[in-house]
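You will see two complexes here that share subunit A, one where it goes with subunit B and one where it goes with subunit C.
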Partner chain A sequence: MLSLVRSMWLIFLHMFHKRETFQYPEQKAPLPARWRGRIALTRDPDGGERCVGCYLCAAACPVDCISLQATEDDSGRRYPEFFRINFSRCIFCGFCEEACPTYAIQLLPDYEMAEYNRQNLVYEKKDLLIDSEGKYPGYNYYNIAGMAIRGKDKGDAHQEEPPVDVKSLIP
Partner chain B sequence: MTNFWWIIGGVLFALLNTAAGLIWVERRMLALWQDRYGPNRAGPFGLLVVLADTIKLFFKEDWIPPFADKVVFVFAPAVVMLSVLMSFVVMPFAPQIIVADLNIGLLFFLAMSSLGVYSVVLGGWASNNKYALLGAMRGASQMISYEVFMGLALMGVVVLSGSFNLREIVEAQKTVWFIVPQFIGFLIFLVAGVAETHRLPFDIPEAESELVAGFHSEYSGMKFGMFFIGEYLGITLISGMLVTLYFGGWLGPAFLPPVLWFVIKTFAFIMLFILFRASMPRPRYDQLMEYGWKVLFPLSILNLMVTAAIKLWLNT
Partner chain C sequence: MPIINIDNKTYEVKEGKNLLEACLSLGLNLPYFCWHPALGAVGACRQCAVKVFKDEDDKKGRIIMSCMEPVKDQQRVSIEDSDAKKFREQVIGWLMTNHPHDCAVCDEGGACHLQDMTVMTGHSYRDYHFTKRTYNNQYLGPFLNHEMNRCIQCYRCVRFYKDFAGGKDLDVFAAHNHVYFGRQQEGVLESEFSGNLAEVCPTGVFTDKTLKQHYTRKWDLTSAASVCQGCGLGCNIIAGERYGALRQITNRFNSAVNGYFLCDRGRYGYEFVNSPQRIKTPMVYHGPSELSNGIPVLQHIHRRMKPGKTIGIGSPRASLESNAVLKELVGEENFYLGVSAGDHDLVSLALKVLQQGPVRAASLQEAAAADVVLILGEDLTNTAPMLALSVRQAVRRIPVEEVINTVHVPAWQDAAIREAVQENKGPLYILNVQQTKLDELAKGAWHTAPDNIARIGFGVSHLLSDKMPEVTGMSEQGKAIAAEIAEALKHAKNPLIIAGYGSGSEAVIKSAANVAWALHDLGIDAMLAFTVPECNSMGLEMLGGHRLESAVDRALNNEADTVIILENDLYRRLNQHRAEHFFDKVQDVILLDHLYNPTAEKATIILPAGTFAESDGTLVNNEGRAQRFFQVFSSNTAVQESWRWLLQIAAANGHATLSSLKHLDEVVSHIAVTCPVFHGIDTLTPGAGFRIAGQKVPREPHRYSGRTAMQANIQVSEPKPPEDPDTALSFTMEGYRGEPPSSMIPFFWAPGWNSVQSVNKFQTETGGPLHDGDGGKRLIEPHPNGQTPFYTEVPEPYLPLTEHLLLVPLYHIYGSEELSVHTPGIAERIPAPYIMLHGEDAKRLQVANGHRLHFMDNGHHYTLPVIINNTLQQGAAGIPVGLPGVQIAEAPQLIKV
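Showing the complex of A and B:
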């Protein structure tokens, strides 16, 4: 009986506590930097697309919401011909970001993507590409990888040795 | 005669608006005690949520289940409103503001509040649904057992004031409010009153975690609204009765008009009812019965006997 009175008193004291609610549209909850929200495709420092169309994100996606088609431009850079994420399926697990070898696909701390029309949740490449380097500024895949493209031969990459002629027997 | 109609109209207007406003008050207060905001979007402080709720209730499909007993199903929600509103007939809001100054006012209140149980029983029975029926049965037995010592607790007040007339009971509290000599009686009446309105610690006829919504599971639209408003009217009624019987009714320092004192005190008790809801767990059904019959019932008889004995001793 006394415990009931005590709990009533304690609840009454909550009158003077701070309220927990965020008044959402006006006041937004602080999100941690690693919040897994909207998915974006980032660019390298030169403004080129980072995505090389390796399909690893699509393979890693547990709900199969990513679909893309890789192609190659005339300089030898691979890029996705289309890149489509169906956000009505996406579970924001972040596996695609982990799988991506070029830091291209990244999850951003943004969750305000509700739509009235379900079809609008299918994001095409133009919706996904952002003019930013995301969480990895300064990273440029083709400057690090040994792959030759036009304007950058084998051995030109950052900290890359010139190629060795393995057929030569001279020590 | 015109004065009489003004009082009836005024009382009805005030009561129905209070009951509707309590929807907002309760949600805001519960939110305050749970560190939330509650409805605060529609209108100033979210006050228009009352309007929104009312409009919603009016425009909902007024559905009568095909398996229900139609006549009783329609009739049941009206009973709770009627019986509670009839109880207010004897409530003295101020020396002049009283609809009917009955010499058996207290008995009339008890009779009318007992009639309220018919709404629960008939509503549950006519719904022809096992959860509704279970809720109705619980409601019936709860009300019958709590009605007993509710009446017995009130007899202490009657013994002290020597009258069943509520206006005279209030006037008998001019020197000291009955909360002082009748503290036990007050506690018993408070508990019984909560059970009478089946409010939260004792809301086992509804018990949404066990019985869906209890006796009004099948109700929708304005018929549900009647139960809803009836419950808030019941809270107002029991709070008003507590004030009238134990807290000196309209009596209070003269700087405020009597009716305002009545309203302030009643409102404090309504807040207490909401605090009950915010803080108390629901007892099990057998615990409720045991508590009623084994603790409160003997206590109320003891209270009545001791009060009567002291009164006799002082008179001789």
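Showing the complex of A and C:
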């Protein structure tokens, strides 16, 4: 009997608590920055595509919903010729983001992607690529990688010595 | 057999091996870099450290490099010892101090030995925080990409390129921690085996440049066991596909054939499969009044195949199945071999020698173990490149054996052996019409006309056996050469005689047979190797058919209305003018082929035939070894195997025996039953019903990616994957994950071993045969006690004629093969058409290098630029065979200048 009254009292008190329910869609929930929502391809600080087409995201994807083709432009930078995510298969596990060695693929706190037509959930590179560095501002993969591209020769990258002079005998 | 104790377990191992080989052969994981089963050990990388203990009481032990330590009985070894493990981790840590942060943009990634070994040692954290050394790269030609930053200084590349393959233009430069592996100057790598660097290099310094054009990771490739179509040797390859295009050819180990290596034509000549010139749909040419639109193409063919007036022309580059089905479809009396008269004479003679004589044909690996080699009229590097690589190994055999017996070092001690051998070479004799790349290794190399080569060959056989005809009127020099060669051959244990199609002369093949048979009579275990022009030349010749020339005659006599041409360009087989006559006479030309070619222009019906990548089939190589190749991918066009098209035609025509056949297994067993010479080809690979644990063998690795996105742009619902009714392989990643039968291994992979080095896990011992034997079956075995039908007709000596030149065929690894020239990389290396003259002849004809020479052949005029080469026989003129734009027959013939 006493426990019954106690329960009713507690529930009565809840009437004065802060509400946990959001009136979605009028009211949106505040999401943490690392929320695993929509997948985007980000850009370098200099505006170039971060994705180098290494295929690691595709390999990590447990539902195999990423496919791409790597290619190289005339400056020596690699980029995906096409990059496709089938969001009707995506489970938003974020493994692709973890696998990405260049911080290109990032999951954003945006989850409003519902469609009536399933075909519309197939996102190509033009749908995925955003004009932002996302969560890792300032990171530029080619400044760390050893490969030379136009504008960044051998020895110009982070912590690199100038190229070896093969003909030198100086120790 | 020594018994050794590894981590307190006893194992029986093979004597004469080193500890690393022993451990790997036992299936234990021990990291290594510089050791390679084909190259031996040098102890350069310090990666394969293990601990050895004096005896059971020794608890301290000492660290040694396992690749430098011979196996000893009762040896106590520890791989798992914590000191050894720490040592190995440290070594890889040091190797990584300068390794760039490149894996994402490195083509080796996912198939990288350095990645595998780093994970295996457990090195996972970089604690070196100083600067990295960098290098500038070099342009190395259309086949290889150079990225020197990734180098770990294991020296494998130069050991393969210089020491193993005899290349001159790749070396190691500079000193101490600045060593540089590359060329003295930027430029195209000259060796015909340069592509192997991509597999030999444990990291991404040398990578496949053609792969980079359409880059795909190893784990994303749909692969299948295949056989190279580049020449007649039948090297085993793995072909990989992605998004409907063939992406890469890698080596498929076969200890009897190609071992660990491939030539560049084989590795890079695959891109014709992706060519825009491909025939993708069936096409029927008909007049506007015929009202035949909308009728299935098979109906068209049925209408046009008139009984008794339909002939079939087979092809040496089509599978055995396709040729056999065509032969049965048109009837034996209407089946013609689609090879030129010259090729037919040479290959049928070679086949006769091997079938009827007592001497066996050498496989590539047997050739590499020969002690004396005699090459008659062949430029092996260009006609059968991998055989040239085998000859390079054979030349080392005698000096290496001497060193092993005198200096007492084991065979795998590569650096020590090379130091002791120095420039010593075993006996190799070459007789060819001009200089060859192998001449540098030869004890004797002479350049003369094919008839003179044959005469010297006959002379040698006469010196070996009195039963052979004597050569009359031989020059003093000829006699001296014959005597020198005969003397060397007499003391050999297993000499190898090489001849073939390169000389274009039957007499040369006959003389080679005579030499080998004479040696056999002396009780010497001689071997023969005949080169053949195309991947199934031998198989087609074994199948048998009429000469192509008689098909032309038949058409010219109005006795053939319809001709079915199987994967063949008759303009390459016939004189251009004769081919024109032929096509003018026949009413309907039904062509099954991959690429548009001059013959396709004449065809009234074209059927899209699958290349090796889209077909299952069998090829017979130059030693008579039948090998199966598997379909790599299923194209979503009308392309299908030629034999399947022909079976469908047979069904439409209501053919008595062929109508009931549908799948590969049925075709193969039908051939095995109806052609006794192909007995056993139905056992080459397990049939389509074969299952392991109830499952098929997958063509795709378990990490294959993008299944649900690859075609989502077309249709978001995934289509049903294609089924393979012909073989026990599946086109998906589902299936049995263990080791498949060796004849159908689609790719080499083992847990922890993603790179090609994983082949260790598939072998009975390192460098030894695959677990259940190497694929393929030899169909030709010699008659050990058969009558030796010696050849007695010695040709007349060659005498230069004024006014005339003797046209001799010259072959090129890049350019002489029909399909590989459609590959951009190969096309870049094709020489421009030329006519090669001796300096004296050039002087006589008043031409110099680059001048254009006009000449007449069979009443037709030709003009070609001149190249002067003084190693060429005087009075002869070399013509490159098969190059685009050169249309002159292959056999030696006289031309008027």
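Quick notes on this one:
In the analysis below, the second predicted complex is superposed on the first by the 164 of 171 C-alpha atoms of A that agree within 3 Å, B and C clash if a C-alpha of one lies under 4 Å from a C-alpha of the other, contacts with A are read in each partner's own complex, and residues count from 1 in each chain.
Here is the rule we use: a residue touches a chain if its C-beta (ideal position, glycine included) is under 8 Å from a C-beta of that chain, and two chains touch if they have at least 3 such contacts.
Since this is a predicted model, take the numbers as computed values, not measurements.
Of the two partner chains placed by the overlay, neither subunit B nor subunit C lies in contact with A:99.
Comparing subunit B with subunit C, the partner in contact with more residues of subunit A is C. Legend: residue contacts after superposition of the two complexes on their common chain; A:144 is shown touching subunit C, with no touch to subunit B. Within the superposed three-chain model, A:19 lies in touch with subunit B and out of touch with subunit C [touch as defined at top]. When the two complexes are overlaid on their common chain A, residue A:85 makes contact with subunit C while staying clear of subunit B. Contacts of A:11 after superposition: subunit B is touched, whereas subunit C is not reached. According to the touch criterion, subunit A has no shared surface contacted by subunit B in one complex and subunit C in the other. Within the complex formed with subunit A, the subunit C residues making contact are 100-105, 109-110, 130-137, 147, 149-150, 173-176, 178, 180, 212, 214-217, 219-220, 243, 703-710, 712-713, 715-717. By the touch rule above, subunit A contacts subunit B in their complex via residues 4, 7-8, 10-12, 14-15, 17-21, 23.
Every residue of subunit B that touches subunit A in the complex is listed here, in rising order: 32-37, 275-276, 278-280. Partner subunit C is touched in their complex by these residues of subunit A: 52-56, 58-59, 61, 63-72, 78, 84-86, 88-89, 101-102, 118-119, 121-122, 124, 141, 144-148, 154-155, 159-169, 171.
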